[in-house]
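Two complexes follow with chain A in common, the first pairing it with chain B and the second with chain C.
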Partner chain A sequence: MMPRAAVLPPPDFLPEPDMAEPLIEVQNLAVDFLSAEGPLRAVDDVSLSVERGRTLGIVGESGSGKSVTSLALMGLLPRRSARVSGSVRLDGRELLDLPETALRDLRGDVISMIFQEPMTSLNPAYRVGDQIAEAVERHRGGNAAAAWTRAVEMLRRVGVPSPELRARDYPHRLSGGMRQRVMIAMALACDPDLLIADEPTTALDVTIQAQILHLMGELQREAGTGIILVSHDLSVIAETCDEVAVMYAGQVVERAPVAAIFEAPEHPYTLGLLGALPARRARAGGARQRLPVIPGTVPQLHEMPRGCRFQGRCPFRIARCAEPPPMEPVGPGRESRCWRTPLEALAA
Partner chain B sequence: MSRIILRRLMELVPTLLILSVVIFGLQRLLPGDAALAMAGEDATPELIASLRAQYGLDRPLPVQYLDWLGSVLQGDLGRSLRLNAPVGQLLIDRLPVTLQLALMSMLFALAIGLTTGVISAVKRDTRWDHAANVSALIGISVPNFWLGIMMILVFSVGLGWLPASGFTPLSEGLWPGLRSTLMPAIVLGTAIAAIIMRHTRSAMLQTLDSDYVRTARAKGLTERRVVIRHAMRNALTPVITLTALEFGALMSGAILTESIFNLPGFGKLIVDAVYNRDYEVVQGVVLVTALIFVFVNLLADIGYILANPRLRE
Partner chain C sequence: MSAPQVIRAEGLSKSFVVGRDLLGRPTRRVRAVDDVSLSVGARETLALVGESGCGKSTLGRMVMCLIPPDHGTVEMHGQPVSHRSERDLRQVRRKAQLVFQDPYSALNPRMTAGQLIGEPLMLHDLVPRADRAARVAELMEAVGLAAPQADRYPHEFSGGQRQRIVIARALAAEPEIIVCDEPVSALDVSVQSQILNLLVDLQERLGLSYLFISHDLGVVQQMADRVAVMYLGRIVEIGTAAEVLDAPRHPYTRALVASAPVARPGKRRGSPPVEGDLPSPVAPPPGCHFHTRCPFAEDICRREVPALISGEAGGAAAACHFRDSLPPAEPPRPAATPSPALARLMTAFHAGSVP
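What follows is the complex of A and B.
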């Protein structure tokens, strides 16, 4: 980024863009699903932020609320059955207060998402080129031919071979990897400021996974896109993210710069993810890519413990853990939700 | 694509053969035969035997079948002994009535069934949705004859808007023609509208919840475009098949409806023919009805293939 002051002093009646203001800032996000037995809280007190050109990783076991959080940011949770509260500020604008029509203008343009399910996320009835072009036409206007050209160009950029031909294919003709590339092309077609990628590579084999992550990084460097990358895969997080948020049972339990979290995790659950829980150290080898298995299971939504949600599986549990621990700063740019952090002394 | 359609056409051959055997066979299973009916109550066995010989009824069944099939393939459906007219001519006279009734009630059923089904799904769990579901249940349960009589009482006897019975051919004017089958078409189409509505609704609920509809929303498309272009497009293909199958229910429902409204169509023809043991006519009506059904389903299958990119290639 070029320092503007060096070229021209900013006119003092215009406020200098506040570089410290994050692209997206989420505060105390909560999602309740309405059910026959009353509301079930799937996401609780989640706070995050991402700056332009940076990547935030979200990790956590299955069911920890990663996808629900992502969909809440997109405003894509079913309005009938989901209640979203808290605050989501994109570029200073409160998204949760925006009317649906205004949100639609942002979706696919300023903020877009790649879904976890590449096999079913494309419409089987239309050619993939048309499905990408549809997003371009929606937000960029112009004629159909220009949108189609853009769709083909995007397919080329995401590394689809012979993009002119593939654009004419229906989704069922493409492999999972190709479909995920189509989804990425679609998500990036309008140069979004924020890209939410929900396990973009889970369904793919390792080489394609690496290609796709590389590609996202490249596009990010070109356009300064902020990325939220949801992943099970700690090695992917380590390689691609600047910051990490660890989710457990609907809450963020630890948030830290990526290097710090791998060096010295502050929450017992993070320790568990890294395979470093004392006495129960998960076996090395085997599923290298996957999260190590932590003994016990994530509590169901309807039987959340009142206190710390990890207490049923935590070797460091003390009496106080029956009370809900707050999210508290534990170092520069770090927060943890545990009564016993800092853990250094305990984990030794 | 043409290969699938060709294969579908080939499958038609055994279907039609089995159909012809069944139509011919069922006929012979009925008690009494045409010779008995023709000869009258106090005919001598000799007279009956000679009549049987005259009409070939004494020959072995397979021979009678092949003989029958041969003439059917040449377009000769036999003669009505009762009405003393070629069966083919009788059918051609009645066909426009039944066809007009069938098409009108199908259009009615599709128009009502598709729109309410789609709107119900989009507005699921609202008052509108509940009302539509209750109406569909009523539409399925109400007997045709009751609905017919009620409509006659209200619109013919009470308001005098529509004729209670009889048929006016389209050649005597578009509106008088359509008017004469309007009530019967609504009576006949009501239950089918309800069935189409319920299938459309559940298919729409499924596609509205699908991942690709979520993708469409993620692109920022308007809800209208999401519903019409992304959800309906996929929900309505199975409804094509369903509609064709319902065409069978419609043809059999036409028999009752035509007698309520006294329309001179296939229904009236076959009812009279059964009473009179007028075999050739019964066979002819069943055959043509079955052929129409098979043809409609063939069209539906081709439509389904055309609407499905996976099958189209």
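What follows is the complex of A and C.
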């Protein structure tokens, strides 16, 4: 069993990002789904890394490949119909080569995942306390009583009121926010090094969303967990992440520290998304302003253009965009997949 | 407010039976909507915001006479329309159309886009049979679809295009008011802005009124002239969009505004704006429903239901006993303002110009 630091210093005291050994390092990840018409590439050339105690946001629209990416990291894609290639190294260990049995030892222990809809992830026929205790027993051993105690303790830690009673409830007795707290308690019960949260608050109301995001931040500061937060919501990303990867049509098109993404985006797609956000903007003389739009829609998997995948919707396109642009450094700690960087030069 | 309102609802209440005894007699009821009044003027957008279970969708359906209210009345242009016969209601329903959240389940998969949009023309006998195809083409163009797409089935369209079909279908009935129930919640950001712009364009061109139901304050800010905030079946605050969203009075509105994430990079500090869960709507707390989560609650809040009235200083009406004595709300966190260079770049992008 790998030694695990129970208490890590708060992220402020961690070494600088470029010095730290990344907790997880993903290189050139690709996912092909086998279909009757041949393989369809849903995720292409995705490289990411997350350090301990930090949060990477993956933002993208439906069909951008963000959820497939997170499932591939967990080894949760069906081996029969999905081919995963590239490299996923967790603490220096290659995950893509591991057999299913070894992955099962990691999942729920070293890596955990929270999904969007807690009701479909919880077993309706078991009490929530038993479901958390099961994970603890599976990975930590010990007796059932100790695992139950740990389950109750976890429920208390995630802010479930009267946890001894709630642990005996079945999932349908709990509200959406409480169920998501149970999911978080389960995911964190074995002190994972990495937590992958796929749209963890999308199904929740805003006041509850604020509570859950606050809770995730608190638990991260206590335990130094690395988090990958998958979301379509740029505002949630802005308030919770250290780094951001923007995905479009199966590729990461831009990767940068969170402030840089919002202050000086280096990919036209990111720029368009930021402009299209409905926001509390000033109204000129009572007239309702039109929202800026990104024209067109995301290309389908089977009709992906050969060059830049955003070229069909991009006002900055040039002849060269017919060739696929590589992911290239565009500043300290940031990369972009665009021939026209630096974009700032275009507005001069 | 002397101009006749397109829709005026007075004292609407609705409860649903959620539990019955052995003999089928109701034992438990949930008050989905509790004594709510509102009105929507011509060319006006009234946004209805609140969290799940607050009764906003039930209210929207009562306003359209899709659900009969237990108490209260609905007037259209000053004419009472609730409690009428089915035949009369058909006219009312033509004038008030509904756009649903999920364009995937709102369209019959076995009908083509053209048939779907043409159906209201036939049902209400608005256009002679010979002219229907031309009218369908016109409607499709109005919502940004190409007329030749009329022969396609819903599954051949993207989510945004399907929502355009739903809107064209609503327009076909020549309504005066459209109840939009979370019309863009299922759409991606880049498509969402296209649909919101379409709704604004149609409003200006056709003089439509909207009752716009949404949980997304960014979208509401973009669309609303006035905003009503609901909590557990009651309106707790109503006023102009600027009053309600920029200087909220009711503690619940404050919590809602403060909870909404903002596109401004930087981690939030401090505790979340409101603790605790929504109480069960089957047994809502007495007095002010919000007192269980309210940081300002006192004894009176547990006993008496506060009236929905404006404070001494005027402005939005708030259902709070302490509407005049609460400390001023913290101003909402503004979204990041783009630097001049970024603003120029955004303008170039959205203008579609190629630098």
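The rule we apply is simple: the second predicted complex is superposed on the first by the 309 of 348 C-alpha atoms of A that agree within 3 Å, B and C clash if a C-alpha of one lies under 4 Å from a C-alpha of the other, contacts with A are read in each partner's own complex, and residues count from 1 in each chain.
We adopt the following convention: a residue touches a chain if its C-beta (ideal position, glycine included) is under 8 Å from a C-beta of that chain, and two chains touch if they have at least 3 such contacts.
Quick caveat, the model's predicted, so the values are computed rather than measured.
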Which of chain B and chain C A:207 touches, first, second, both or neither: second
Partner chain in contact with A:175 - chain B first, chain C second, else both or neither: second
Which superposed partner A:115 touches (first chain B, second chain C, both, neither): first
Touched partner set for A:217, first chain B, second chain C, both or neither: second
Per-residue touch tally on chain A - higher for chain B or for chain C: C
Touched partner set for A:152, first chain B, second chain C, both or neither: neither
First (chain B), second (chain C), both or neither touched by A:134: first
First (chain B), second (chain C), both or neither touched by A:247: neither
First (chain B), second (chain C), both or neither touched by A:107: first
Contact set on chain A toward chain B in their complex: 74, 76, 80, 100, 104-109, 112-113, 115, 117, 120-125, 131, 134-135, 138-139, 170, 172, 183, 186-187
Chain A partner contacts - residues on chain B that touch it in the complex: 124-125, 210-212, 214-223, 230, 233-234, 307, 309-310
Residue ranges of chain C touching chain A (in the complex, touch as defined): 51-52, 158-160, 188-194, 196-197, 200, 215-219, 221-223, 245-246, 255-256, 258-268, 271-275, 277-278, 332, 334-336, 338-339, 341-342, 344-346, 348-355
Interfacial residue positions of chain A with respect to chain C in the complex: 61-62, 175-178, 205-211, 213-214, 217, 232-236, 238-240, 258-259, 261-265, 268, 271-281, 288, 290-295, 297-298, 315-318, 343-344, 346-348
